[in-house]
Structure formats: C-alpha cells, structure tokens
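Please see the structure below; I have some questions.
Chain nomenclature is as follows: A, B and C, assigned in order of appearance, with residue numbering initiated at 1 for each chain independently.
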Amino acid sequence: MSAESRSQNSLVSVRSLSFSRGDNNIFNDVSMDFERGKITAIMGPSGTGKTTLLKLIGGQLQPSQGSITVDGNDVHRLRRTELFNLRKRIGMLFQSGALLTDMNVYDNVAFPLREHTKLPESMIRSLVLMKLQAVGLRGARRLMPNELSGGMARRVALARAIALDPMMIMYDEPFTGQDPISKGVLVHLIKSLNVTLGLTTIIVSHDVSETAAIADYIYVVSGGEVIGEGTPEEIKHSGSEWVQQFMEGSADGPVHFHYPAREMQDDLFSSGKRY
Amino acid sequence: MLHSSTQDTLVGLFVAAGIAGLFFLALQVCNLNYFTEQKGYTVTARFENSGGLKVKSPVSAAGVKIGQISDISFDPKTFESVVKMRIYSQYNSIPDDATASVFTAGLLGEQYVSLEPGGSSDYLKEGSNIEITQSAIILEKAIGQFLFKSAEEKK
Amino acid sequence: MLELIQTLGKSTRAGFTKLGRGTYFLLQTLTGILEIVPRPRLLLNQMYSVGVLSCLIISISGLFVGMVLGLQGFYILSDFGAEETLGVMVAASLVRELGPVVSALLFAGRAGSALTAEIGLMKATEQLSGMEMMAVDPIKRIISPRFLAGVISMPLLAALFSAIGILGGQIVGCGLLGVDDGSYWSQMQSKIDFFDDIINGVIKSFVFGFVTTWIALFEGYDTIPTSEGVSRATTRTVVNSAFSILGLDFILTALMFGDD
C-alpha cells in the first residue's frame, strides 16, 4: 500500500514531531500514520521514548515542535474539556496495568462508566460483565488488584480500556514480563478485539515475534528517528543492518556490545587511578 | 476495606466525638457565658490609680464575686482612671455610699475591686458613681516610702 | 567558590519552582472541592482513612499529655501553694498550644505520611496517569476529597486531644494528687476565655490541618515515581510538616495572644 493512501486513511497522524526532555532529544522530526481499523506497531530498543510517544498522542505531554492529529483534532490545540472528550474515545493499556489498587476488579472496570455516564447500576453491571467476559475474567470480578497475576492485571486493564467502547486503543509494552501462555492470550485478545470491534490499535513493544505476528504495519524507531517502516514482511527483509540486528536480536552489529570506552590495553596498563 | 455502612458509622462517631470535644471545651472548660450573659447594671468609680486592674477582673463584696470590670479608661482632665463595672442584677441592694478599693488576691494574685457597703438607704443603680475610692497599693511606692521613713527616723 | 554560589542559586531556584508548582496544585485542589458536593461518598471514604484511623493515636496521646501536665503542673504549682490553679494551667496549655500543635504533629506522622505514600504509589504505578487517559482529572477525583477530609478532620482531632487531655489532667490532679475537684473546674472556667483561647486554638488547628494536608498531598503528587522517590517524599512530608507547624505556631501565637 502506498504511503499516500495510508495517510489518507489514517486515524492518528504524527507530523514532523520533535520532543525533548531537558537536553535530551527524544524525537527528532518524526512522522507516522496510524490507519483506521489496523494494528500498527512501534518497535525499538528500550529507552527510545516509545511510551513518550503514546503520552504525546494522549495529550499528556506537549511536543516542542510538530503536530499530532487524532480523528481530525489537533491534540495539542484542544481545550481541556475537548481533550477530555477525545480521551474518552481512546483506550490505553499501561505497562503495569495501572489498576486502581483500592477497588476490586469489578469496580475497576466499572470506573470509567461511573465517571462518564449516568447509566443505572444494573446496566453498568451488564456492561462490566460483558467486558470481563471478553477478556475471560468474569469469574475474577471480586478479586483485588494485588491478588491478580501480571497477565490477569493486564487483561482487567484491557477490559477497563474498552469499557467506553473507544475508537482506538494504545498498548504500552503489553508483552513485557509475561510468561508464554499470558503472551499468547494477550496476542489473541489484541487481534480479536481489533477484528471484532474494528478498533484502531497502536502497539508499542520490543517483543519482535509477538508483535510481528499481529501487526499490519511496523515502524522501527531508534535514536529519535524512524529508521525503518513497512509491513512485517518488508521489515524482515529490510536492507538496513540496524533493523536486521534488532529483528534478529544479535549481540553485536551497528549497536555495539560494548559501552563506549577507551582501548582495553590502555585501560589495563594505566595504573595509579582508582577507576 | 470495610463494609461501607460500618465505615459510615465510624465516620459519624468520629465527627460526633470531635464536635462533643468542642462543646466540652466551650461549656465545661471556659464556661461560655456570652450567650447566657447575666443581667446587671453598670456603675462607675474613679481611682487615682487602678494598678493592674483589667477588663473582666472580678468585683466582689465580702469575698463573693458580684460582678466584673467592663471598661477601664483614662480621664485626661482629672488624670484619674475611670473604671466601669457591671454588677449582677441580683445584687441590687448595695448602698450608694459604698467604698471601692483595688486589692490584690494574695501576694502574687490578680487584682480585683472590692466594694465595702456603707450605711446609706439609697442603693447603687444603673449609671451610679461610687464616690469613695481607694487606689491600688503600688508595691514599689510603698517600699520607697517605708525606706524613706526609716531613713528619717535614724537621723 | 563560584561553584558554591552556583549550587546555592540552583537550589534556591528549585525551591521557588517547587513552591510555585505547589501553589498551582493547591489552587487546582481548591477548585476541585466544588465537585465533591454532588458526590459526598468520596469525602466520606477519606474522612474514614484520614480522621477515624487517626483517632486512636490522638486520644491516647491526649490522655498521656494531659496526665503529664497534671503531674508536672502540680509539683510546680504546689511550691507556690497554688494547686487550685492546676486546671487553668492544664487547660490553657492544652487548648492554646499542645492540643493544636501535638495533634497536628501526630496527624502529619499518621495521616500525612500515609497520604503521601498512597498518592506517590498511585503515581509510581501509573494510576494517576491512567486516570488522566480515562479522561478523569486525578486532582479532582483523588486529591480534592483527601484535602477536604484533612482540613475537616484536623480541628476535630485537636478538640478531641484537648478534651481528653483536660480529663487526663483531672484524673491525675484530683484523683491521685488530691487537688479539689471543684476548684480544678471553676478556676479553669473563670480563666479560660471562649474566643481568646478556644476559638484561637481551633483556628490554629484548622491552619495546621490545611498546611499539613497540602504538603502531604503535594509531596505525593510531585514524587519521583520510583520506590525510592516515594520513601523520600514520605520523609519530606513529615519533616516539612513539622517545620511548618512549629513555624506557623509561632506566627499565629504572636498574632493571637500578643496584645493581652
């Protein structure tokens, strides 16, 4: 698919975005498109600001340059109430799940419904049970967050993220620190929610195989720039050495195994210094 | 987390206990009598020197508190201290030739006004003046006089 | 030398920046209070964890402080033959100073540190961020009810402290040391003034509650979202609250009891 049609059909588009924190340039003139109803993944090593990108899209951070539009709204030009209205249509799954620790599973999923709608409690109950059924945790509704395993917590958070039937959902590192079964469950859930609800999906991850299995389009980010993009197939056969190293997980390549240092010989024979 | 109705009860108990504490302080500790202020009448006495007398210092007769000082001011013409005192209305038969003196309760105690009734058949009433007054004894003055006297005697 | 001045300048600037953020935070919190009115349940839950859970420590400490005052006061006053004024001494020191100050210090240790830790952990576990992404303002939903609960609870706790302390003084003074019960109360009643002593004490505890809760919530909200950051913020809450309480106590005392 050509870049032209991708940008026409995009729900979220990032245009020449720059963002810096202190003296650190986290993004440098980055442009991306996230197509409606598709799964788009952002991949890259840890510490490249992938989570920051999601916070920028959600309007929690202000870019230093460039713009982000979500469904035709320039996120950073919106008034506070408009931004809040937009956020009601965006689900986000945090890395830790971010469940409210003083409520049980049921109340957590009911939380956005109670905050944003005036539905009667009986209808909230049906909605919550439906969402919990979708993630397979209807039986766990009375548990407190500290009684849940990491994978279950993420599934509950997922049920909460889709409680208001959003138009898109953003996943922050959904597979990190999960056992293979939980990973499989999450991969399946992300894909099926995307297909059945037509949810536009953005995944930020560095788990290559899981992400490549479900993504429709992948951006590879490093050093504040997009260094590779395309469908999973295209990325796998990318000419960039860097992208190859990342996808294969090789120890040495363009990204060196060694942290920058002076020559080993010099270091060993220079005496008299403590470090 | 507790069941919410138990929690409500505990919050209710807490608020009630706190308010009860406030009431205790207001009624039992300070004897709040601003709202139940005793009726009374005001009389004025002029002292050459009212010493350490303060507003709210007690006024007593024969050792019983019968009122309190309501105002103390300085008269720039006569250079006297004008003391207004409020006497409770149940003590309405104090002769109007009573003597008002400023005394000190004990050596270090607070100062108060003592009324000593005379023999008149008219009583003090709202706006009366007490004519006969005896000023506070200023300790330094008394000591000074004593030393002066004993020095004279030695000569 | 130059380095020293630079560091000094930097930390001064950081201090002012923090104060500015804190003030902005306070203003947001205060506007958020309006939104609690239709949802009293939020306040009630916090009154429980801020007020009710502090009751025990406040009552027991109040009792002991009162009993100690009774003992100490008795020994000093009996030298002058003025045991009858024990009630005045106990009540005045409790109502004017010890009630508001000690209960505020205890409140900072018990409720303030708990609030900082709670909010800090919510930040560290992305709960606050998550709420924002769910289009719920965490300041209105989380901070404001806690703030209001603290401001309401503090004067009540201080009153409880003083009342129990005065009873404790009476137990020791009249029960154990033989001061006359009647003069304990009557001397107290004639000397303690409703406005000068009791209302001023209540105003003090209100101010302390306001400042302590503000510090606790802001330290939690402003914490570096790691476990180390949270533990440091908790310490800062207790230390800064104690400083503020004692400093403000001096200022308030000078203002209230200065010209008497």
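The working rule: a contact is a pair of C-beta atoms (placed from the backbone, for glycine too) under 8 Å apart; a residue touches a chain by one contact, two chains touch by 3 or more.
Source: prediction; values computed, not measured.
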Using CA atom means as chain centres, which chain is nearest the centre of all the protein shown? C
Most heavily contacting chain pair (counted by C-beta pairs in contact): B-C
Tell me which chain's centre, taken as the mean of its C-alpha atoms, is farthest from chain B. A
Taking each chain's centre as the mean position of its Cα atoms, how many Å separate chain A from chain C? 43
Could you grab the centroid distance between chain B and chain C? Build each centroid from C-alpha atoms only and quote it in angstrom. 36
Whole-Å gap between the CA centroids of chain A and chain B: 77
Which chain A residues reach two or more other chains? none
Which stretch or stretches of chain A touch chain C in the complex? 55, 58, 60, 84-85, 87-88, 90, 92, 94-96, 98-101, 111-112, 115-116, 157, 160
Of all residues in chain C, which touch chain A in the complex? 121-122, 125-127, 129-137, 141
Complex contact set, residues of chain C against chain B: 44-45, 47-48, 51-52, 55, 80, 91, 95, 153, 155-157, 159-164, 166, 185, 188-190, 192-194, 197-198, 201-202
Quick check: in the complex, which residue numbers of chain B touch chain C? 2, 7-8, 10-11, 13-15, 17-22, 24-26, 28-32, 34, 58, 108
